[in-house]
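Structures incoming, each one as structure tokens.
Both complexes below contain chain A, partnered by chain B and then by chain C.
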Partner chain A sequence: MRELISDIDAAAIADTRARYPLAFAAPLPVRLGRWGAWLAFVVFTAYCFWTFEVSPVRLWAGSGKLMEVASHLFPPTVGEAFNDYLWALLQTIAMAFIGTVIASVLALPLGLLCARNVLPVRIAQFLFRRTSDTLRGIDQVIWALIFVRAVGLGPLAGILAIIISDTGTLAKLYSEAIENAEKKPVDGIRACGGNALQTIRFGILPQVLPLMLSNALYMFESNTRSATILGIVGAGGIGFYLADRIRTMLWEEASFIMIMILVAVYLIDWLSKLVRRRLIGAAPDTAGGLH
Partner chain B sequence: MTSPSAVALSFETEFRALGARKRLVSLAYGALFLLALGLSTWVGEFDPLKLLRSLPRIHEYAVKTMPTLSMATLWHDLNEWFYAPGKWLTLLWETILIAYTATLLGTVGALALCFHAAQNLRRGTVSYWLVRRIFEVARTIPDLVYALIFVFAFGIGPLAGILAIAVHTMGGSGKLFAETVENIDMKPVEGLRATGANWLQMVRYAVLPQVLPNFATFTLWRFEINVRTASVIGFVGAGGIGQELYTAIRMLYYEDISALLLLLVVTVMLIDVGCEKLRHGMIGKEH
Partner chain C sequence: MLEIRNLGKRFGDATALKSVSLDIPAGQMVGVIGRSGAGKSTLLRMINRLTEPTHGDIVWRGEAVSSLRGKPLLAWRARCAMIFQQFNLVPRLDVLTNVMLGRAAYKGTLPSLLKLFSPAERAMAIHALERLDCAQLALQRAETLSGGQQQRVAIARALMQAPEMLLADEPIASLDPRSAILVMDALRRINREDGITVLCNLHTLDTARQYCDRIIGIAAGEVVFDGVPAALDDATVRRIYGVAENDQRFDESATSTAAFDAMPPLVAVAA
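Entry: the complex of A and B
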């Protein structure tokens, strides 16, 4: 006979609880562990807030000023330098494009050398991987500042920064793609007597090229966003004007530049999505959305 | 009926025509690419020769940043190289804490808003549209620009940096969270709706259990990114090790640059490895 909901009374629940305690609650050590983790989380977070003096008073005072800034952001005003802005914005996109193209070429050999199935020498692989980690681990803005000191102010420093940091990122993505490639074509080429280079060219590259292109396009999108700030340290592009307008508190012009950046980024995203769909069909985003 | 040779012939011509068309399309794409590259070279004032000429200078710079270490006096040389370990490690710790606090605040913001920005759960056209725009603006304006503005509003120091990275994180994670929510299995949602649960209960019991592992993975990964970002917000006075690095690079304290960068790279690598471990642990639990 089936029990009805109305038949279940407190005694029945208590009875079930006694027989199957784990259905009602996790065992005590697990519960204690959870409480401990929460406690540690809360204490650590409180410590952070205390260290940084995040207090309601400070936040209140700051938001007052922020509101003032926000009110000055409208209406966005062009000022007299629209042509300069437009040129700098185009320069930003151009920097991102050249940087990505060169980086995606440079990353190919590095990516191959980082891949376990291409170079099965542990120590060499370790070295190449750490190289790409180092390139990637240092933020693009730091590279830009370094190159500004090494080669002077201007877009060349920005392009170099993009090349260096993207070579690291793309080499990692490429090597992952190469490691996930099907082994059978490689075996086939080897069995036919193909040498190492031929194996890579005919066994691996055809498999991974669409993925690599997709990654490179994705990096281009990402770079148009990140290149907008390289100008803050003098490495070319729109960032110079934006930082300057903020520092001199010309908020209306700053907001105009921000809107220009927003529009440019939308356009580039849309264009890149279009090209990606044409080139490789409706492949899913492989690199995920970094931004 | 057509003879086999005629079939073969028609196949041949068709095949050739297709091949020719494909080549034409590839050619057109190649031309477009070259055009874009040419335009970029012009607009970006990019001169390969200038790049080549600058290589010796970059090399010279790199050599100068290398510390002078000799085997005989290694300990002394290392001490000379890392002459301020206490100060630098404190700044490094501050940088990590900035990244942590910012990730936390940004994620809370993203979590609170993302369900409104998901097509399948949206509560109204206005809130859906508004939240999406908020996310877009938050992640498209670079974090360094937010940092500049917040330094003006909250004063020089880590608070400005935390808020800047938090805003950016909210935009970036919010978008990813919303996309995850859009891909959930809707059956539990319908089940809960049928029992008369309100929107908040539905989100809590039908949606959250499905998306939480993904959210956690994204958040860990975001933390890795934020550590990198936190290392540069000091360039505009928003706290962390960036200020020290900025001074070293601007003032050409060559050996400081390599010491600080080495510390930074090691820290970033350790954090990446740690997050990777945590992520694998979580994915293991999930299956």
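Entry: the complex of A and C
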């Protein structure tokens, strides 16, 4: 007979629990471990708040000053150097573009070499992974400072900084995508007698290319934002003007520059959506949504 | 009783199902046969509304389920459970949780999101798994199970929904012959013992003949046969599968897996 939830009485529960105790509760040590981990997490979080003296009172007091600074930002004013801003913004976008293109190409072999399923050699993997860790472990701004020393002030230092740090970041993202790729097509190509490069090219790349493209396009957008910081340390672009206007307390002009950067980021986001749709196509299965 | 009236589905320019009308009395076990792409899956998926019909009505016990929206629609999906060819379990969750997710439509959202299941739900899940001979797998991750085991777990999940109807979309197409028998036997038993209407897409004709009270043949989006298995003759089978009358290479066993035919009944193996 069809069993309904209302058919299950206390006796049925007791009987089932006696036969399958673990279906009702995990063993005591496991439960203690889980509660302990949660407790440690909560205590550590609370400790961080306490030690940095983050309190509602301070946040409230700070918000008043924040409003004061914010009020200086209005109205945004173009000032007299609009052409310079525009030129510098284009320079920033170009830096981000060149840097991202080169980084995403360099990250491909590095990402493949970092992936467990492509190169199952422990020591090689260790070396390649630490290489990519190092590239991105040192922040872009630090790389920029180093390259400003090496090649002088200007966009070249910024481009080099983007290439180095993004190669590390993209290699990590690529290698994770590659490790999550389905094994079935790989077996398919191997069973055809495909060699290692053919297997990677046809068994893995078509699967991960859409994700790689998304990552690269996101890095382009992200680099346009962070290229402003590079400008602050002298590596070319709009950041130089932004830093200068803030230093000289020309807040209204600074906010105008920020708006220009925002518009550029929106545009890039919109363009990358078009590119993605063109190259990847709409996923057929999501047409109905979740319902 | 399930009444289907002029039900049709178009995907862009392609017509998956033209205009199908069927009456299925409660408690019947119905096999739907046809070539790949004939519209079998579309028919089943429209009944539980995973796919929206382009036109037509679906009426269950006098209620027009094809026009349900919101909560009543989710409740309807729970009332007509679905079994899939690829099992569609959540691979990373354990079997017990997968089965208890059959209660999704009956539970509050918050407790279900936090995986808080009552002792009664746990007991019901174990009972459902016991009926499918899978209770010993309760704490394993679903992805570690064989195909046959996963499909039986999926049936247990369906039982958790306390369904009035069971839709099975090619439930044995990815299984070995022995698992296929276990799964079909389970569906048959649930149909007989629980009085649950079963609608089952199959592409092995001998399975449909063996297990179903009634067979519906679909070709190119239209019902071309509807009757008891005995009434299904060679000419009709050829029409359903779109094979020329004079093509000598085709006979019923061509729709079956050879191993399935070659295998003696399980009872004989045991004896």
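Methods note: the second predicted complex is superposed on the first by the 208 of 291 C-alpha atoms of A that agree within 3 Å, B and C clash if a C-alpha of one lies under 4 Å from a C-alpha of the other, contacts with A are read in each partner's own complex, and residues count from 1 in each chain.
In the analysis below, contacts are C-beta pairs under 8 Å (C-beta built on N, C-alpha and C of every residue); 3 or more make two chains touch, one makes a residue touch a chain.
All of these numbers come straight from a predicted model, not from anything done at the bench.
Asks: Touch test for A:Ala23: chain B only (first), chain C only (second), both, or neither?
Replies: second
Asks: Once the structures are superposed on A, label A:Thr77 by its partner contacts, choosing first (chain B), second (chain C), both or neither.
Replies: neither
Asks: Which of the two, chain B or chain C, is in touch with more residues of chain A?
Replies: Of the two chains, more chain A residues are contacted by B.
Asks: Of the partners chain B and chain C, which touch A:Gln198 in the superposed model: first, second, both, neither?
Replies: In the superposition, A:Gln198 contacts neither chain B nor chain C.
Asks: Contact-wise, after the overlay, does A:Thr248 reach chain B, chain C, both or neither (first, second, both, neither)?
Replies: In the superposed model, A:Thr248 contacts neither chain B nor chain C.
Asks: Check the residue A:Asn180 against both partner chains and state whether it touches chain B (first), chain C (second), both, or neither.
Replies: neither
Asks: Which partner does A:Thr45 reach: the first (chain B), the second (chain C), both, or neither?
Replies: First partner only.
Asks: Have a look at where A:Gly154 lands relative to chain B and chain C in the superposition and call it first, second, both or neither.
Replies: The first partner, chain B, only.
Asks: Can you list the residues of chain A that meet both chain B and chain C?
Replies: In chain A, positions 288, 291 sit in both the chain B and chain C interfaces.
Asks: Help me check something: in the complex, which residues belonging to chain C touch chain A?
Replies: Touching chain A: residues 50-52, 73, 96, 103, 106, 119-128, 135, 138-139, 159, 162, 193-196 of chain C.
Asks: Would you pull the chain B residues touching chain A in the complex into a rising list?
Replies: 36-37, 39-47, 50-51, 54, 57-58, 61, 94, 97-98, 100-101, 104, 136-137, 139-145, 148-150, 152-155, 157-159, 162, 171-172, 175-176, 179, 225, 228-229, 231-232, 235-236, 239, 245-246, 249-250, 252, 257, 261, 264-265, 268-269, 272
Asks: Which positions of chain A touch chain B when the two form their complex?
Replies: My answer: residues 44-45, 48-49, 51-54, 58, 61-63, 65-66, 69, 87, 90-91, 93-95, 97-98, 101, 133-134, 137-139, 141-142, 145-147, 149-151, 154-156, 159-160, 225-226, 228-229, 232-233, 236, 239, 242-243, 246-247, 249, 258, 261-262, 265, 288-291.
Asks: Which bits of chain A are touching chain C when the two form their complex?
Replies: Spelled out, the residues of chain A in touch with chain C are 1-5, 8, 12-13, 15-17, 19-20, 22-24, 288, 291.
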